[in-house]
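Common to both upcoming complexes is chain A, partnered first by chain B, then by chain C.
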Partner chain A sequence: MSSIFTKKNTVIALIVLAFVIPFVLQNQYYLHVLTLACIWSIAVYGLNLLAGFTGYLSLAHAGFFAIGAYSLGLLTVKAELSFWLAFLVAPIITMIIGTFVGIIALRTKEHFFAIYTLCVGYIIYLIIDKWDSLTGGVRGLIGIPSPANIGPISFDTPLSQYYFVLVVTLLCILMVYRIVHSLTGRTFIAIRNSEELALSLGISTAKNKLLSFVLSTFFAGVAGALYGSFIRFIGPEISYTTIMFDFLTYLIVGGIGTLSGPIVGTFLIVLLSQNLQFLQDYRMLIFGPLLTLLIIFSPRGIVGFVLTKYHQHQRKTSAVLKDARAKEG
Partner chain B sequence: MRVLKLNSVTVNYGKYSAVRQIDIEVSEGEIVVLLGANGAGKTTTFKTISGLLKPTGGTVNFEGAPINGKSPDRIVQAGIVQCAEDRKLFPQMSVQQNLMMGGYIHRSKKTQLKESLKEVYELFPILYDKRDESARLLSGGQQQMLAIGRALMAKPKLMLLDEPSIGLAPLVVEQMFTSIQHINKDGTTILLAEQNANAALSIADKGYVFENGRIVIEGTSEELFSNDEIRKAYIGA
Partner chain C sequence: MELLIQQLFNGLTIGSVYALVALGLTLVYGILHIPNFAHGALYMVGGYVTLLMMTNFGVHYLLAILVSMAVVGVLSVLMERFIFYPLRHSPPIQDKVAAIGILLFLEALAQLLWGADYRTMPTPYGQVVNLFGLTLTMQRIIIVITAIAVMIALYAFLKKTFIGATIIAMAQNREGANLVGINTNKVAMLTFFIAGALAAIGASLTSPINLVFPGMGHLVILKAFVIIIIGGMGSVPGAILGGYILGFTESLGATYLANDYKDIIAFLLLVLILTIKPNGIFAKGGV
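And now, the complex of A and B:
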């Protein structure tokens, strides 16, 4: 019975569900929300790599998301680059800016790092908001194209866009999975654990922290570029702290430092807040206390809570088995 | 051949000098012990050698070249590995993954890593039995073995062991010192910090006694053993 619910089967079932759900729902609006949730979750995966696995809480993440979106927007609208080239270059631009920010920001630690990156995020917002001639300022940037056709495949319907975003999301999750399970991922975890210990094992913490930072901006850039091409209109508010704290909420609710936390948290909250929209801003009256309770009772979010319960259960059953065997023998 | 030489090294925490003008020499193949009460400056000395702290004065030479000023990861690559007194492990990783992290600097040499892993398991068979278990489930003694095993994975020329016997039962302490001797016989030079002077001096070639950040006595193990002050202060006989 329990063997049906192995990790692998669950993942396959969820992927199948993700592919068939548009036909089940038959609802354009929900498709739109699901597509957006996928995009947010990619950004949250990036944040998780840095804040969750490496232990450096960057509050500039929405800024890098916006850099990805504006790079795509400017490259296609103003530089008139082809969509796919722009889609490739946008994350690279984000990573280059990320490298420079990372080199300086990583000289600080802990709350100083958080405060510093918060300032960087705000500066990015100000630049986008005030540099009218480049970014269009508060008016924003309009007319960003949808993904261009690839041969016979076109991306002009919400359904095809959903599938496009879904595939990119799955690829990103696969990438994060591979990173976390590689030696590089364990190096990040080692740094989160104790930088001093990591150093005394011969790990260059400076190099690896920068790598984690730049990787996190890569995912922010991809998410931003997807957002730009999906919404086709972007304004400076996408770099604002509200977006930053949305990311952070998704991550904390889902489970910081866990592999499935970002997707769980993002979908849960995005879908919940859609359904609670009639409450308007009073939603926060529900979310606020819930978030506080969650942080107190399960600092690693919903996924962390489930994993802990699961491991406890496993330990108990294996202990019972051992007892039984001991009695037999 | 002299492997490590500390030349009049002083280390400050802010204005406070935790270690003042100490000279230490370690030759190849030796076991050298640093003795001293709590707060005497042993850990500070270790952290200075491994590059986690920078000396305010003096130099640290390893194999004839100065290493003070090098970053800790470079010093590990040069061949000095520290096994810290808090024996910190990676609790979310398995025993074997912890060991593999210790081999980080040899990460591209797969066969060598396998070989080192085998050696560590031969030295501490209990780690082999628990290789897939989470490191957080180990007992204190097993944690110490894992910490030492992890340091060995880097194949150091010089290993710094900071109070490996602390908090262990007498029988386990004995095993631990036998293992340390074993590691030394296999060609690793060892610098040891200890409060357990009796056990430490019985395996060491020579020792230094710290008091308030200064070295007050130094000598061979025999000399230190027969020194009345040391017997009173550290051996209790």
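And now, the complex of A and C:
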């Protein structure tokens, strides 16, 4: 029985579900929401890589998300580059800016790092908001094109856009999976657990922290570029702290430092807040305390909670089995 | 020349408010090593309580400030009891997130209870005073005088009284303070109360000049963080000095550089300082 619910089968089932769901739902609005949730979850994966696996809470993540979105917007609208070129260049621009910020920001630690990046995020917001001639200021950027056709495949319907975003999301998750399970990922975790210990093992913490930071900005940039091409209008508010705290809520609720946490948290909260539409402005009345309670009672979110229970259960059953065997033999 | 002096005085007013808010933040950081992101929400609640006491109950401005100090102080103590106390042994990332949760909650609550619109706070001290050829409003003079008086009182409390000394002791070494018989729980609660009250004073003093709205704490708290990093996290003189440095830089920058970018100055200052000295200028200064 339990053999059907292996990790591999569950993942395959979820992917199939993700591909089939538009035909089941037949609802444009839900498709829109699902697409957005996919986009947010990519950004949250980036945040997770840095905050969850490397232990550095960056509060500039929404800023990098916005840099990705604005790079795509400016390259397509003002520089009139082709969409796909812009889509490739936007995350690279984000990474380049991320590298510069990271080199300086990572000289600080813990609280200093959080506050430093919070300030960097605010600077990004202010620059976008005030640099009227480049970014359009508060009016924002209008008329960002949706993805251009690749041969016979076009992306003008919501359905095709959903699939496009879904494929990119799956690729991103695969990337994160590969990173976390590689030596580099182990290095990140070693740094999270103890920076001194990692250093004494001969790990170049500075280099690896920077790598983690730049990778996290890459995912923010990809998410931002997707957001720009999907919504087709961007304003400075996407770099504001509210978005940052949304990301953080998704991550904490899902499970910081877990692989499936970002997607669980993002989809749960995005879908939940769709059903609490009447609460839109006041949703933080629920999510704020939820964030605080979760961090007190289950610091690794829903996924962490389930995993702990699962391991406890397994330990118990194996202990029972051992007992039984001992009695027999 | 007159413009310069006028701007210096403006810097003094803004700096006073910044210093008050930063003082609360630095005290809390000093004893618990928590960057209390919810401090900005306390500041905002302080502004609203004073405003509502005045408009709804017709209480005098100064009395309203006292009420606001008490309310926000208690709120701050509750926060310590229910959130930071249970989290005292967890990794640093967690109390930051918990504080952010509280911040979001309080802001949404304020919006629900009092609406999202910007409100003006009436002040009985609106008259204009001419001093050595400078035109000043009474309110600004009161801000400076009150803030300085509060700072002196706080300094005397910390340095000259026994209870104040326990706060310093706990900031220096929590276990050590516990060993010599200081009730660290009580000290933590007291510190949170003082921090909340300071935020309430700061908000109440500046609200008649600025406005009262749910997001009013955002910028102030960010700047307060900048200040305590400049002044050294946990250092009281550092917070005061940092507050005035930022106040002067901002008001001069707004006049002589660009008004649009005046809010960016604080953050650029911080980025600059942390780039050169990653642990702040006065790293590890005592209270």
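Note that the second predicted complex is superposed on the first by the 327 of 329 C-alpha atoms of A that agree within 3 Å, B and C clash if a C-alpha of one lies under 4 Å from a C-alpha of the other, contacts with A are read in each partner's own complex, and residues count from 1 in each chain.
Just so we're on the same page, contacts are C-beta pairs under 8 Å (C-beta built on N, C-alpha and C of every residue); 3 or more make two chains touch, one makes a residue touch a chain.
Computed from a predicted model, the values in this text were never measured in an experiment.
After overlaying the two complexes on the shared chain, residue contacts for A:55 are found with chain C alone; chain B is out of touch. Of the two partner chains placed by superposition, only chain C is touched by A:111; chain B is not. Contact with neither chain B nor chain C is seen for A:78 once the two complexes are overlaid on the shared chain.
Within the superposed three-chain model, A:204 lies in touch with chain B and out of touch with chain C [touch as defined at top]. Put simply, more of the residues of chain A are touched by C, taking chain B and chain C as the two choices.
Of the two partner chains placed by superposition, A:139 touches none, neither chain B nor chain C. When the two structures are aligned on the shared chain, A:186 is found in touch with chain B, with no touch to chain C.
Within the superposed three-chain model, A:196 lies in touch with chain B and out of touch with chain C [touch as defined at top]. In the superposition on chain A, no contact is made by A:313 with either chain B or chain C. Of the two partner chains placed by the overlay, only chain C lies in contact with A:245; chain B stays clear of it.
Note for the complex: chain A touches chain C at residues 51, 55, 57, 104, 107-112, 114-116, 118-120, 122-123, 126-127, 130, 241, 245, 248-249, 252, 256, 281-285, 287-292, 295-296, 299.
Residue ranges on chain A touching chain B, taken from their complex, read 183, 186-187, 189-190, 193-194, 196-197, 199-205. Within the complex, the chain B residues that touch chain A are 50-52, 71-73, 76-77, 81-82, 84, 88, 90-93, 97, 100-102, 104-105, 107, 150, 154. The residues of chain C lying in touch with chain A in their complex are 29, 33, 35, 83, 86-87, 90-94, 96-98, 100-109, 111-112, 116, 218, 222, 225-226, 229, 233, 260-261, 263-264, 266-268, 270-271, 274-275, 278-280.
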